[in-house]
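Got a structure for you, written out below as structure tokens; questions coming shortly.
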């Protein structure tokens, strides 16, 4: 049972990551070209809904294939909310958050993806989607300082690295909420980078650890002792033979 | 004796955390609604005093139940100060700091709470109470830039993550003192996050540590050696039997 | 010989730390009260020179007591420079840096001081002296934003924690050089805090390390094996006795 | 074959680092003295091209000496691009990036250079070249705030330490791209500093690790056991001698 779910997760991983890129493009169109012809904007909106629907379907499939369904639901309540929320309140930003959460959870579940790659991916995703979202949110505010995609990317970057120049800052409540998400993932990124380097350092330090060497030498001493014991036992055994040699004679060893 | 204190600490933990939330509400009322009817403000002030009194009582109880009372007092002089200070100088901000210190110390003492949870709780508490306090402090200043709860929360967050945009900054001495506390706990938060990830990485790296494997193989080699020794000894023992078989014949093994 | 130097270092540690505090006071007087009566300013200047002289004397004494003098000088060229520079160029700021370097080196050499305490001390010292120095440097600049001791302390703190609001910034070259020193020690402080927490986490994780347990169990299995071997050997020994019991009888064991 | 490449890399390391310094000087001349006589500016441009050519030649030599040439190219596609790009598009900034990448890769390959030294060198290099580049880029912008070398160095430093005052910020797209590179290497620097301190702490903690001690004691117990066994075996051996002593007599031990 679990094997079928794992096989499903392994096979669908790449197509779903490709869909995330499509979602990014569909989300970017009305933000970057708000005066595009109607059918383009309509198509982008449909593509957004379609990608969300595929991720919702993927969640449902994994739920059906799961061994213990109740535990599957209980362990990730955010995923269930991400599936249901866009149905209740079809806000654009909500659909973005829902799709990102579902895609993120999906990638994290794939056992081949390592933590470092995952965090790097999340950071990159947040950078791109965060820039698009802040641009959309702030553009409507009269006092906004973030007005172009370049500004939005620059602001996202200075926020995530916790540099925070303050030449551009969000002015709306939603924009600030988004900034909080960017800061927190920036801190996580910093933690992962540092931890990675630290673990690498520690592993190198340990290879020269004294106590481990001591242990190793103790075991080697012991083995030498036991080998000596076997040699003596062999000698004894030869002496105990019915027609054995008298003691005192040194064996050929 | 110690057991009675530990039992007390275990049983009172949850009610005290609930009281901290009540304190937050009582403290928030006059900050967020300074023009509320007199009885509301009066009730909030009473609730504040009551929560402080319960925490002071808790401290006294733990002191009575402690095995070595003098050591209990000496080990946490800040707690004693927190109990006594609001009696001497009934400043509102002082009561806030006192209650927070007593509650924090109380939670830290409970053995079930892990460091990560504790730091996360302290950070959240400082975020909420810091925002309320900075709002109260700065509002009276003529040049203040922090004037709404949203501003206060946003400023607290950018300060704790050390992003520090500088779009909002405290202008009073008290506000800056508060900012210093927020920055320091932000650094601690960063440290805990990084340390957690690093420890997890290191633990995974170590599982593949070469020297440990070497040690393990050395011990396995040694065990094989000793097993061989036992086999030979069994053979010897059979030969030494009064009516034993002559040497040279291979045993059935 | 080395013992005499170590004894000297142990005995002079506390008086020298007390002198550092005196230096702080003497340095603060003309910065905070530039219009104090002449004899006060003169006394402060003399006190500054006296403290520097004591630290220079301490360096000379340690050099005389050192076993290998040339190595002592070569290992800390900055210390020699700190002793000689104020004689060549009696600038006030240079005397501050020289005395701080000598005092810092002196405290670091004392073997009882742990890294964490040392870094905390250096950070505190830089905070106090950095605030006084930035105040003195910036006050003369026409566009300065740092004009009071409160401002200076606040700026030093936001710089060391890398928050960097930017509400106050140095405008002179010397002030910026000072800021660089503050930032670098802030990063070191952050590193020490994180490293401390990380090491504590790692130590806890390791106690439950699987491979170590595996090793331990392997050794226990081996010991049981060897005990069994001794039991069998004892039985064999009894059989080999001149009037030994016949094989087949089970020993009492 | 590999040995010849390694010998080449060892022998050319120092001259190449010296050339990097020459490149810095040649790059600085037209930035800091744009009104210098024509032959000076021309000479600086020629020196820049010459240094790039030497690094390109070094790459070609290493490629020829490499055992598996295809793998050598495939493993560092950025290096090949750095060699070819300045030929296609002789932009000044591109030549800077190309030479820096080639020099950095070259230093990293030298086996004697440790990670800490490498990161420190990269950070220093980025600080110097970043300051020169931002000065050149921003000077042409009408709203630029970075206009002198002092400003550029100060901005680079506040960016790399993630302090980010925001008193000076890049206004052009290229300048912001450069800022991103500075921030990322600042984070790496922070990670290396923290990791270094953490690894040192961890190594000290581990030396007192309990389980390792436990293991060590277990092995010592076991060795004592085996020694006792040998003593008994020796006794048995003496008894089994043709004219051996009767059992019951205690050996001299």
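First chain written, first letter: the chains are A, B, C and D, and each begins at residue 1.
In this text, a residue touches a chain if its C-beta (ideal position, glycine included) is under 8 Å from a C-beta of that chain, and two chains touch if they have at least 3 such contacts.
Here's who's who by UniProt: A, B, C, D = Potassium channel family protein.
Values in this document were obtained by computation on a predicted structure and should not be read as measured data.
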| item | value |
| --- | --- |
| Fewest touching-chain hops separating subunit A from subunit D | 1 |
| Interface numbering overlap (same over half, different under half) for subunit C and subunit D | different |
| Interface copy of A-B among A-D, B-D or A-C, judged by whether over half of the contact pairs recur | A-D |
| Chain pair showing more contacts of the two, A-C and B-C | B-C |
| Distance between the centres, which are taken as Cα means, of subunit C and subunit A, whole angstrom | 37 |
| Between subunit B and subunit C, centroid-to-centroid distance (C-alpha), Å | 26 |
| For subunit D, residues that touch 2 or more chains besides their own | 162-166, 190, 194-196, 198, 200, 202, 206, 209, 212, 215, 219, 222, 226, 229, 233, 236, 240 |
| Pairwise touch network: line, ring, star, complete, or other | complete |
| Contact footprint of subunit D on subunit A as seen in their complex | 150, 154, 157-158, 161-167, 189-190, 193-194, 196-198, 200-202, 204-206, 209-212, 214-215, 218-219, 221-222, 225-226, 228-229, 232-233, 235-236, 239-240, 246-247 |
| Complex contacts: residues of subunit D adjacent to subunit B | 162-166, 194-195, 198, 202 |
| Touching residues (chain side subunit C, partner subunit D) in the complex | 115, 159, 162-166, 169, 173, 176, 179-180, 183-184, 186-188, 190-192, 194-196, 198-200, 202-203, 206-207, 209, 212-213, 215-216, 219-220, 222-223, 226-227, 229-230, 233-234, 236-237, 240-242, 244 |
